[in-house]
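Labels for the chains are A, B and C, by order of writing; each one numbers its residues from 1.
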Amino acid sequence: MKVREIAEFLGLDLVGNGDAEVVSVADLAIAGPRQLAFFEGSDSAIETDASCLIVPTSFLSQAGQKMHMPDRALIAAPSPKLAFSRVAAILHPKPELLCGIHPGAWIDDTARLADTVSVGMHASIGKGSRVGARTQILPGVRIGDDVSIGEDCVLHPNTVIESGCSIGDRVVLQAGVIIGADGFGYVKEPNGEYIKFPQIGTVVIEENVEIGANSCVDRGALGETRIGAGTKIDNLVQVGHNVNIGRRCVIAAQTGISGSVVIEDDCVIGGQVGFGDHVRVQSGAVIGSQAGILPGKIVRPGVWWGTPIQPLDEYKRQNAHVKGLERLKKEVADIKKRLP
Amino acid sequence: MKVREIAEFLGLDLVGNGDAEVVSVADLAIAGPRQLAFFEGSDSAIETDASCLIVPTSFLSQAGQKMHMPDRALIAAPSPKLAFSRVAAILHPKPELLCGIHPGAWIDDTARLADTVSVGMHASIGKGSRVGARTQILPGVRIGDDVSIGEDCVLHPNTVIESGCSIGDRVVLQAGVIIGADGFGYVKEPNGEYIKFPQIGTVVIEENVEIGANSCVDRGALGETRIGAGTKIDNLVQVGHNVNIGRRCVIAAQTGISGSVVIEDDCVIGGQVGFGDHVRVQSGAVIGSQAGILPGKIVRPGVWWGTPIQPLDEYKRQNAHVKGLERLKKEVADIKKRLP
Amino acid sequence: MKVREIAEFLGLDLVGNGDAEVVSVADLAIAGPRQLAFFEGSDSAIETDASCLIVPTSFLSQAGQKMHMPDRALIAAPSPKLAFSRVAAILHPKPELLCGIHPGAWIDDTARLADTVSVGMHASIGKGSRVGARTQILPGVRIGDDVSIGEDCVLHPNTVIESGCSIGDRVVLQAGVIIGADGFGYVKEPNGEYIKFPQIGTVVIEENVEIGANSCVDRGALGETRIGAGTKIDNLVQVGHNVNIGRRCVIAAQTGISGSVVIEDDCVIGGQVGFGDHVRVQSGAVIGSQAGILPGKIVRPGVWWGTPIQPLDEYKRQNAHVKGLERLKKEVADIKKRLP
């Protein structure tokens, strides 16, 4: 790809040699010729051999003019990282890992696969399941009965989709993801034994969702567990039964979401957060890592922190008070001495 | 199933049309004709099209009489949720997912399987292992050598049972569970390198246990790791080597249990709890989510919370004190001003 | 193995019958004839039927002489546990689980395997991958394209190594481990949608590393994620993209390490610890379980605890102050009464 074509694709201005060729992206620190890098700071002393550098618009107007660029180019972007990511998606397309159905895969006769679906060795697809065009099912993936999978999905090795679940278009499941295991719901018998509350619902994953390695999304008890379009979930996350996550949420690793939690659109959740059941997180809320949220709590928009969660400001103030306890104790001791 | 048969099965009274047919269970909010729902509150204004509703005994005597029920029925139960769960288990039996041994499974010649065992495609069973009647081994399950598995178990896709482990009757392992990985025990050499303390023990899982997706139960170092009958474990839980969990315990998602911990019968453990090694939890204790328990601690019966854990009452009082710190600080400042 | 041979192997002194035979190791409490046990305390009243006991040097000189040992022996060691572990590794070698390539495995024609590699049923190896001598690849393991695996590794069932990753000699991956899933990095479009920041780097795992069941190590975004030689990682641990872990570190279960964290050599990290991104932990630091470390923090050598982490001493002192709050409040109330 020529730098000129990259600038055109991004709809951005370039300075320098638009004919330079770029074949891959790289980190600024190690990028070499025929590579594209990006830069978000304002330091004017950039040394790089990259053939093309995406820089902040402000940088170009200030320092960029001074760079010596016989055979390379700068592209000015309002968000260099975003522009870089867009180009990377073109220069580094998802490899077409497979072509067609591997002879070592096992597909039930009643499953319906689009012509362009790939299925890897030792993958299996159950009765009545449907898979959309260009979806790639990698080795060892387990798809149960009556599962519906959209177009252009990538299911990494050894993921499991239990029967009856539904996956939208352009969904990516990293390796080892489990969709549709039974939720954790039991009722106590008078003799103290637990019997299972029915876990016969389903999971619906909307388009453009990505779920990280070894994460789990349980099926609804009676209804559904749903993950909204464009939401991104990291590794080892637990999503309980009947959880409803909105669109464009981001949830970091090892967070646990109990049953019937609702997370509205555009929330950002840190890692190792714990949600009690029936929590509702309102649209746009941000919850810091390791926070803990009591059952039934309504979390309003804003930034939240700690266990039990508080607004970040309060959390910081309280933390400062706790850190000041030694001094406060001393003050009280001094006062006592001065008392009549 | 007729409503009359359901009431007989439960040994409970019914009011209304005992001849109504019920084919499935559903949530009260969406239940329709030929469905069974339940209701635990006391609100008298229930609108539902369900053909049968299980209600609290008190409700039936008060409000239920007024409901208009030409072609449906109410059943009165001391615990409607329990009664509902019992009926659901009959109306929605575990699907017989497989019949016989799939030709794509691989079973060692020396393994002994009861006639009625099902083994899915790409599952494998090692030397000398035994599997009891009606157990279902789903696709991609890995069973090592000399494993013993009881009757009526369900092993979901891609679970792994390493060699020498023992699984009782009616055990359910959700997808991706790992039983019998090596425990985490090392000894430091004088040069700073770690060598493995032997991890050559085993795992014993007693009858009626259920373990959630992607949870791990490590084998004992020299002895065994044991999970008692009727205990239910959620997803992504870590059970370390030589842990001994009693009967009828409930352990929520992402909790981590270090080596040699003992949890006695009938304990309830929240999610994301962390146990130091050699903790002993006495029978009937309840530990709140995200709690942390220092190594060697003995946890008496009662409700415990926080890190390090405290009785819930103390935890709440202390939390209130911390919240009141701002005010306390102000009081001290005021006192100082008033000092002579 | 005769006790005399064991003592020679360890280079340690023995007292008693050097001709006694030992065939296996066992816990002191249950060890019987022809077994080896060890003992680290100073209690002089040991009752055991073990044929050989490894005891502290001091014990032998004091109490050991008095033991009645017609057909058994004591070996004196500076670290009995270490000596025991060394002998256990010889008496209980890793079973040679497999011999050769199972006919149910699938190996791409372009992969290059040493003659002595074992590959289990339903395992798969992609294009251009290389596997070193004596490495055991157990059933259901998924190895992508262009993966490099060293000698004497053991890859337990259903582990996944994505394309392009590199594994050194003598590495053990417990079941369900995922190496090389995409890291969690997205950039927000102006319309609020997230697009993926390129995750096209790799993972390098150096020699003698062990990783626990269902743990995940993400590939670098542009560069690499690296785990240094001799480091041991427990189950369900998350290692984010571009993390760099040094040599001989120990990381307990369910800890989460965010992107670009650096952990230098010889650190010890407890369970359920959470690292913000770009944290640097200096060589020799010890971090207690459930600690939380804010992004960008530099953790100096020493023992650290709590969220946000503090030196252990400070953490304890602060905890004591918080516990004393009820009393402090009372003191302030008393003072107020005594004010003029």
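The working rule: a contact is a pair of C-beta atoms (placed from the backbone, for glycine too) under 8 Å apart; a residue touches a chain by one contact, two chains touch by 3 or more.
Since the structure is predicted, the reported quantities are computational estimates derived from the model, not experimental observations.
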{"item": "Same-residue or different-residue interface between chain A and chain B, half as cut-off", "value": "different"}
{"item": "Relative orientation of copies chain A and chain C, as a Cα rotation angle in degrees, nearest 5", "value": "120"}
{"item": "Chain A and chain B, separation of their C-alpha mean positions in angstrom", "value": "27"}
{"item": "For chain C, residues that touch 2 or more chains besides their own", "value": "122, 140, 158, 176, 214, 236, 254, 272, 322, 325, 328, 332, 335, 339-340"}
{"item": "Sites on chain C touched by chain A in the complex", "value": "106, 122, 124, 140, 142, 144-145, 158, 160, 162-163, 176, 178, 181-182, 184, 186-189, 192-198, 200, 214, 216, 218, 222-223, 236, 238, 240, 254, 256, 258, 272, 274, 276, 292, 307, 317-318, 321-322, 324-325, 328, 331-332, 335, 338-340"}
{"item": "In the complex with chain A, residue positions of chain B that touch it", "value": "25-27, 30, 79, 81-82, 84-86, 88-89, 92, 95, 97, 102, 104, 120-122, 138-140, 156-158, 172, 174-176, 208, 210, 212-214, 230, 232, 234-236, 248, 250, 252-254, 266, 271-272, 289-290, 319, 322-323, 325-326, 328-329, 332, 335-336, 339-340"}
